[in-house]
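The following pair of complexes shares a single chain, chain A, combined with chain B in the former and chain C in the latter.
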Partner chain A sequence: MPYYIGDVIKDPNSLIARTPEKFEETGIRVELGTCVEGIETDKGEVLLAGGRRLPYDMLVVGTGAKATLPDIPGTTQDGVFTLKNLRDGINIKEYIRGNMCRRAVIVGAGFIAMEMSEALRNLGLETSVVYRGELPVKKWDPVFSGMVLEEIANNGVSFIAHNSPVAVEKGSDARLSLVTDKEIIETDIIIFALGVRPDASLALGAGLATGESGAIRVDSSQRTSREEIFAVGDCCESYHRVSKKWVNIPLGDIANKQGRVAGRNIAGYPMIFPGIVGAQSFKVFGLEVAMTGLDEKEAQESGYSPAGRIIWGNPVARSMSGGQKLGLKLIADKGSGKLLGAQAVGQSGAVSRINILSACLWSGMRLDEIGYMDFAYSPPFGGAWDVIHTAAQILEKEL
Partner chain B sequence: MPYYIGDVIKDPNSLIARTPEKFEETGIRVELGTCVEGIETDKGEVLLAGGRRLPYDMLVVGTGAKATLPDIPGTTQDGVFTLKNLRDGINIKEYIRGNMCRRAVIVGAGFIAMEMSEALRNLGLETSVVYRGELPVKKWDPVFSGMVLEEIANNGVSFIAHNSPVAVEKGSDARLSLVTDKEIIETDIIIFALGVRPDASLALGAGLATGESGAIRVDSSQRTSREEIFAVGDCCESYHRVSKKWVNIPLGDIANKQGRVAGRNIAGYPMIFPGIVGAQSFKVFGLEVAMTGLDEKEAQESGYSPAGRIIWGNPVARSMSGGQKLGLKLIADKGSGKLLGAQAVGQSGAVSRINILSACLWSGMRLDEIGYMDFAYSPPFGGAWDVIHTAAQILEKEL
Partner chain C sequence: MNRKLVVVGGGAGGPSAAAEAKRRNSSLDVTMLERGDFVSYAA
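After this line comes the complex of A and B, so read on.
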């Protein structure tokens, strides 16, 4: 009988919408609020808090990721949050409402930080993003990061660069203060959005192998180093089809696919997870921001000889674009002409381009092919030459 | 010296935005209002109206396509139009304004007819579409054609099915009347939107080979059956990468690419046009309608064993879609599992899916790969499982 033990340490509510009873109807037993303390692989048993044991023939580890909290004093105070799951989101909203918060500080400037800044502005809070670096979303080209910075600034978010938090203290005129190496920032709520790390502690305790990324090592069937134990989602690695490396990219769509693959393999319908190309996106206020594949640095580290170029185009035919601009950066290998990665930013049309280019990466297409690909051209949806064509042709000439 | 002779018989104004002088600055001589009456391949001369001759070393034929007019009486009257080029569009607008037209009839129900029906409604005209068949845009699945019909009906266009025009006559209470095999429809303006045929007359006169499609036969360098004569655009054929046949699909983006390829080959930078996958789209009122690849019938005729399936999904994550539905039909080969074609209709997200699937067709991807492809997932732009994933997985099971 399939048996699900909720990931209770971090998130008793991730299944909020579906009660255990709903699952039982389908023959799956669900136990929430139950902490797994160990896996005893020699006995084939899971050790639960309180000493209870649960035998298994096949086991799936889906322990996810942990939000990073900096090692500074004061982070356990009321009003300090990380954002990893639905419960965190509910807690943050309740805290803001219950304490009539007026000012918020987000520490970190990745895409979760950007999304949070929009959500907090929409709730009417004065919002600051505190970051140790110069520009937000540093995975993107500085030109694009600059556009993201402009977008949040235009929407009233203040970006405090070059500041590293050193402590959280009680505030004087607000509830809290974030002390950085440069300033003291008074605020009612602090959200640490410093990224996540794979939670492989249970797996490590059971002797399962982890990879360089710190996440659980799996094969293309989602099997760990033990044949009867599978791992899926943010806690495990994925094969990156462009870098040819096993990486940990904690994203919901990847987790969904891996879960399906593990399930099929366990149920006796063998299936391979074909890997990822690193496609991701976020929306911040009026901007679409997306990327896929590798950036120049990752490409270099993967043995390629990359060249990159930003091209500006229009999301739809120029005559209909109302002045909207779309920035597209392509990265390709000088030797083979193969596309290695792409980044795009614009008010619209960025994600749709990155998805097309993800399909191109998937099958290893070269720039010369991409420059003449056939799209569903119509002026409301693009130009006769799409920005993808132009970007591929120009970069190809420069290789 | 490059020499351009305007396609003057049909369109003295297609270069409206760029004067001959502008071209001369770049070293290209442009002659508008000049009719080419023949190509004398043995002498390497183009014969102009009035007896003038122009020698060439290399010649590019870009004679485009002709709009189809039915062979019925009365079509030469004032107020009867076809729509092929910018001049036609200007003439139609001027006629409507100058004659204070209130009622319009469009004959035909392809995608130009649909776009015209929106344009005429936007000008405030009572608009009818007269069609011999049952549903508009018959290249799409009847379910999707039905959605298009509903969309134009909801926007006040009346669709008169099962009517074939037999004559255009003077009207009694309006300027004109369209007589069909069933009714007499009074109207101020009639637009025949019955599609186009490649204009290969000049090429045929010069003894150039044409293909089964009636368009000029070319190779992948855009060379015709004579080495020194190239053809590009609506007048010539293109290699269809899915059907593996040479076809005539008259679309502006294909013409642009072929022009570039011919130019490079003439200039001594050899290049191959890699062909098309048949991607196309149009917008009609609030609906995006798109397709790529082959439909079941074309697939069968191309030697495949096709299966097709429509799936309904959301353009963005369900929680954010506001009830918007997106219909996606995939067509795949039972033997190989390869994707052969796709069609999509929805208020948004149809074209972006078809472009991704065009990239999949381009490289010959199978459904099992498409079902687990990596996209730039974020709820404002799609679900963790996109409708593409779902459609590919479901159709794969049914193959």
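After this line comes the complex of A and C, so read on.
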């Protein structure tokens, strides 16, 4: 969606995988603009706004996630947005065009905030990111977060650290002003990108169990605590194959897979969703940023004794790299030597390394195995010893 | 009577579930409900 707002993607329809008409052609009824107010599990009915009732034999709950808005005055004004669904994206783009916005403020510094900062700069807006902490994308090692900060700063984004919003007010020389605990920032548009929370309210109302994450509890068939009700996507939990815990990681690729698994089980073809390893990536200006698995703190909380190490290498053979650097951090368990997590940042080659390391996590590989794994070597794509080999070998010695 | 499947939510997971269930078992009576004005979109 940030690519649509930033005009990299021109047509919002290209973001739609399948239109309601396509669903209808395959015999699936689609009702848009239809709010579900409750699930009556004893009768097997969903209760719709306006009092209509719809009977079901089986039900799928895919209620998604809700964007977090801070509890401060003024957030209902025109020009204040969150970014969660396609409608939000279209509204933001239309608002910027329709009001000829020149200045934008993004509150929050996660990966959506970073993607949005690039999108808004692409549109030529003066863009500030306001964040209560010190560095953006705090899930990554501070060294890598520092590189992300440098990248956005080099591209004209001003990063305003250690500022917490306290109110949104009318501006004096711009439409709005964001009042923080330290400053007043005048702006034409404010986008709150403070993350999302699973929307489990309908499920809770129906008495379905939720997990520690606040998301709907499911088993590997995507069944909830009631046999005839399934849950999929951002509203439910997923089994994390490294931490061996049920977690909520709201990403579209996971939702698609869980949906298909639920669909098969509903149709009578049993299938298991095998879980996730927490792989994710984003691009910000000229940087690829990616991670998979656990960081040291999560590893500790999952009962491992982790050790981590950052190694600097090249995305391609050094002779062809033109000085491009690739930072790779590996985290492994001191006891077993198993890989627990990885993070990478560079102008190129970061995501491809993280994909490989996700497969290593998936199958539970140790560093000594990863250090000699066979890759598709050729100088334009990596060194004879890839940065993955080097990092695995160095960290293994230190365990 | 065909068995009734109701899908609440049309973002990504819901549409995948509806499509796969219907594909595998065409006798299912499938209805997908979405509060917004789009289904099956990439965020």
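Everything that follows uses one rule, which is that the second predicted complex is superposed on the first by the 378 of 399 C-alpha atoms of A that agree within 3 Å, B and C clash if a C-alpha of one lies under 4 Å from a C-alpha of the other, contacts with A are read in each partner's own complex, and residues count from 1 in each chain.
Just so we're on the same page, contacts are C-beta pairs under 8 Å (C-beta built on N, C-alpha and C of every residue); 3 or more make two chains touch, one makes a residue touch a chain.
All values reported here derive from a predicted model rather than from experimental measurement.
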Partner chain in contact with A:E369 - chain B first, chain C second, else both or neither: first
First (chain B), second (chain C), both or neither touched by A:N256: both
Contacts of A:S352 with chain B and chain C, given as first, second, both or neither: first
Touching partner for A:K334 - first (chain B), second (chain C), both, neither: neither
First (chain B), second (chain C), both or neither touched by A:K182: neither
Chain B versus chain C as contact partner of A:I28, first or second or both or neither: second
First (chain B), second (chain C), both or neither touched by A:V61: second
Which of chain B and chain C A:C360 touches, first, second, both or neither: first
First, second, both or neither for A:K283, with chain B first and chain C second: first
Interface residues of chain A shared between complexes with chain B and chain C: 252, 255-257
Chain A-facing residues of chain B, complex: 251-257, 261, 273-283, 288, 290-292, 351-352, 354-356, 358-360, 362-363, 365, 369, 372-378, 380-382, 384-385
In the complex with chain C, residue positions of chain A that touch it: 1, 15-20, 23, 26-36, 39, 46, 48, 54-64, 84-87, 202, 222, 230, 232-235, 252, 255-260, 262-264, 266-269
Chain A partner contacts - residues on chain C that touch it in the complex: 3-26, 28, 30-43
